[in-house]
Amino acid sequence: MQVDISVELASGLRLKNPVMPASGTYEYGDNVNAFDPAELGAIVTKSISLVPWPGNAPPRLCETSSGLLNAVGIPSEGLKSFRENTLPRLKKYNTDLIVSVAGKSVTEFAQVIAGLEAEEGISAYELNFSCPNLGNGIPFATQPQLMQQALEQARQATARPLIVKLSPNVTDIKVMAQAAEKGGADALALINTVTGMAIDVERRRPVLGNIFGGLSGPAIKPIALRMVWETVGAVSIPVIGLGGINNTADALEFFLAGASAIQVGTANFANPLVMLEIIKGIANYLQENKFTKLTDIVGLARTAIEE
Amino acid sequence: MQVDISVELASGLRLKNPVMPASGTYEYGDNVNAFDPAELGAIVTKSISLVPWPGNAPPRLCETSSGLLNAVGIPSEGLKSFRENTLPRLKKYNTDLIVSVAGKSVTEFAQVIAGLEAEEGISAYELNFSCPNLGNGIPFATQPQLMQQALEQARQATARPLIVKLSPNVTDIKVMAQAAEKGGADALALINTVTGMAIDVERRRPVLGNIFGGLSGPAIKPIALRMVWETVGAVSIPVIGLGGINNTADALEFFLAGASAIQVGTANFANPLVMLEIIKGIANYLQENKFTKLTDIVGLARTAIEE
Amino acid sequence: MIFTKGKIVEQKAVANGYYLLSIAQPDIASKAIPGQFVMLKAWERGDLILPRPFSLYRILPRQGQLQILYKVRGKGTAEMARRVPGDEVELIGPSGNGVTLPAKGAIALLGRGIGAAPLMAIAEEAAAKGLAVYTFLSARKRELVLGDEDFARYSRRVIVATDADQENGSRLLTDLLADLLSEGISVDRVFTCGSKRLARGLVPMQSQYGFKAYVLLEEVMACGIGACKGCVCKIAAPGGGGVVYKKVCQDGPVFPVDEVVW
Amino acid sequence: MIFTKGKIVEQKAVANGYYLLSIAQPDIASKAIPGQFVMLKAWERGDLILPRPFSLYRILPRQGQLQILYKVRGKGTAEMARRVPGDEVELIGPSGNGVTLPAKGAIALLGRGIGAAPLMAIAEEAAAKGLAVYTFLSARKRELVLGDEDFARYSRRVIVATDADQENGSRLLTDLLADLLSEGISVDRVFTCGSKRLARGLVPMQSQYGFKAYVLLEEVMACGIGACKGCVCKIAAPGGGGVVYKKVCQDGPVFPVDEVVW
């Protein structure tokens, strides 16, 4: 029996399957993919900013126990180059395309989107509010009002679905999720990385050029899953779960917690086939357990405890 | 050459060395210790509440990648039993004793302390503000004003040093640290566990009886280190670093970040000798690198980047 | 508490996914009693941060050895199965209270699957004390009935039931015990492990047949020495009404069946 | 990009803490060129989540094998050293741009310590093309001069300098290269790896001696294929003034020495 693993993330946005690369962890291009990108539920781009950003000074990476600290700092070719050089290459894949948008001011997100509206082949935008705000140096993703303002401007710039990506570096993820819902988000994606750092004991200085970096990978999975669980209970729009997903069982945890789709980031680095394995693994799990569609298991662990 | 690894945490509170067990992870008693507890910089007790608390329903534990989720829920024998049964046993060890205090109302911390003031042999109190507040269900440790109130009452109840233990589940640890400093804390200890969860994919329900648990162990070390770094820059009282410390190198990272002392939690479970190894390891490191005292390396990674 | 290393002497596959591990560790072997367990760590990978609890299948003080019968369940036990003679493991123990045997008379042991593991040490000690031992073992299929030949050495009778092969009509071990007792044989104490259903089934049989029954419980553990308070089970509050939490590692793992709240 | 498995054919200790690993992996062996590298994972432990980059020391398309010369530096390389023939490793590659050799003439190779690793594949290919190869190797002590016998096969000369044993007066390889060039020998291209000091020393020598010099850079990597943007080095902005970040994995690992900003 064929199972249905497609998922509707917003009206008019139905992905063929619920598995996507996490922004900034997947390279599209000739000769870099271990499998055809068309197999993905969607392609999510690295976050694009209005003007080119160089990113942070190296070193940018440091492995920790079951985790990866990165201080890449969202380098971006900028809107113009993305539109002219990257987008045409991306459109040729036969799957949905989600463009991740970054900005450092309340207006920048809408500006990037405005610059892409004439382009066909973009299924949705994912708004990455984790960069520091030019105004006060604090990321939008920890300031509900400011984030909502930036989102409302983006909302006015496009009729395409908007996915808001949330940061885990907050006291109450529900507050941020609800601000995003109010601001017009069609779906949420969480979590981005958890801020951390490492010190080189021999050189007696921070390992990363930027001192702080974002922690990703299996280490943060319990945190991500908890925040997805909390968010699903607090909003009524679909939630995309990510953070430390390394295999099918991890992905299933997020669906059972109530996520409608998932993204895979750090796990791609060691296993470029992992997303394909998870797509197949989800279908197998549903079949083996006699479910006919993915949505049958979404949130099932929530009902278990309500009984 | 003998190196000096003693540390002054508050006026009148000088520990013979900077290594302590993290509250709730160390058992004192006959036949449970792999080395003489007198070797420790201090003994820190499991958090004590005014009346007995049963703790949460099992299952209470779940191992994750490089981490441990616990939903123990601070079971406590209660003040009376602690004073009558446990405290006398603890006093016999020839080292400092720090009593961890928990409470669910603004007044409870001061009440527990008041009930212990007549007892000799208590060097300091550590206030664990991570339990949910009876009033609004949200932990004190995420609400600066409420935490400060509870702390101010505790401050009035005792002249003994007060160590405030901070939770990482906040947007800005500096705000909490400064509230604690204002409220009269002599020192800070951070971090407590990061809230997380796990789902049993076979049984399709949360693993922990309490759904959510606190994540500890090496997985959270990068987060803990970052928060210690931020806190040291924001307050002028000593900071005790903890979270994922597993060996001497981990401990040194915290000292280099500016911590004056450290605590070890989860690592005790697999290696009951780990604290002793770290005490010796710190002395060796100082000797090999020609430092004469521990305070020479406290914060050294901060000055490295200021250059 | 002893925190020490032990050297693997033998690693034997006893069924598909089940192994018998022999470890040279004289200090623990000379102190341990049946029903106690050890916390064992047999890997260096930093993602598995906790040691795992294992009952002592056999305690061999004269050889200075311990035996553990284990089933590969997850990552830790899979690592264990990869270790070979000569490898070192880390051990904390002996932990828990162990069992108390009657001075004379008879005992019955009811083990399901890997639940047979702690019963062997009990059988051996009981036989050494001159007690009559009646052993009941069940499993999904015959090959998963573990240690029956070893048990035969220490038992008056070994009665086996299997689901798949319908040995003894796949009947519950509690029913088979009742059969035995109906033959006129009496037992003073019963120990069971590996099945909630068996333990619960023993509760009403106690007064009927005049024995006291104990169950060896399992809970996920972090420390094994009472420090973390993580391994609690529910026990009926003394005096009735409500439940208290008891630590399996320190207050158990052996509990009277009628005190456990399932 | 190929993501595949390879089987270890040989694991040979070449010095204390240094190993030569031979891996059967025909697909990568038939595609790779000198100067390229692979991302290798040789462990299952979940705490080490990233593969590690290693240069190809030798590329053996006919045998369908790759050789990696490596130094035990941390946890990942310690795990690698524990693997034995028959074990499988995971490989991503061949990655990076590799080197471009001149059509004729001579090249010089300057390697310090483990920096010799990528130079061997270059020496071998250059020799096969009929180029003259001059190899300069240095290390702290003699036993850490790696692969000198292999290099001898492909080089006109192998010149060694060591710190501890004062071979060649412990002089810098750049000085020894200058000596050679002063003898009237000329080289067209120079490749160096393993020492910032050597690479920088080559910059002014280029115009003086009329060669073009390249350095093989190292940076901590996560993906090795240009996805994570983590492995950047600083490169002088074209047109002068400022710095741009280039990915070592995708834009390198081979860079002209005069473009790198140290």
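Points to keep in mind about this one:
Think of it as A, B, C and D in the order they're written, each chain with its own count starting at 1.
To be clear about the criterion, a contact is a pair of C-beta atoms (placed from the backbone, for glycine too) under 8 Å apart; a residue touches a chain by one contact, two chains touch by 3 or more.
Keep in mind the model is a prediction, meaning the values are calculated, not measured.
Note on connectivity: the fewest steps through touching chains from chain C to chain D is 1. Per-chain CA centroids place chain A at a distance of 36 Å from chain D. In whole angstrom, the spacing between the mean C-alpha positions of chain B and chain D is 47. With centres defined as mean CA coordinates, chain B is found 34 Å away from chain A. The set of chain A residues touching two or more other chains comprises 65-67, 217-218, 246. The set of chain D residues that touch two or more partner chains comprises 46-48.
Taken pairwise by the contact criterion, the protein chains are fully connected, each one touching every other.
Only residues 43-48, 75 of chain D touch chain C when the two sit together in their complex.
Chain contact summary for the complex, chain B toward chain D: residues 65-66, 218. Taken in their complex, chain D has these residues touching chain B: 46-47. The residues of chain C lying in touch with chain B in their complex are 1, 3, 41, 46-51, 90, 92, 219-234, 244-245. On the chain A side of its complex with chain D, the touching residues are 24-27, 29, 31-34, 46, 54-55, 57-63, 65-68, 70, 72, 75, 217-218, 246, 266-273.
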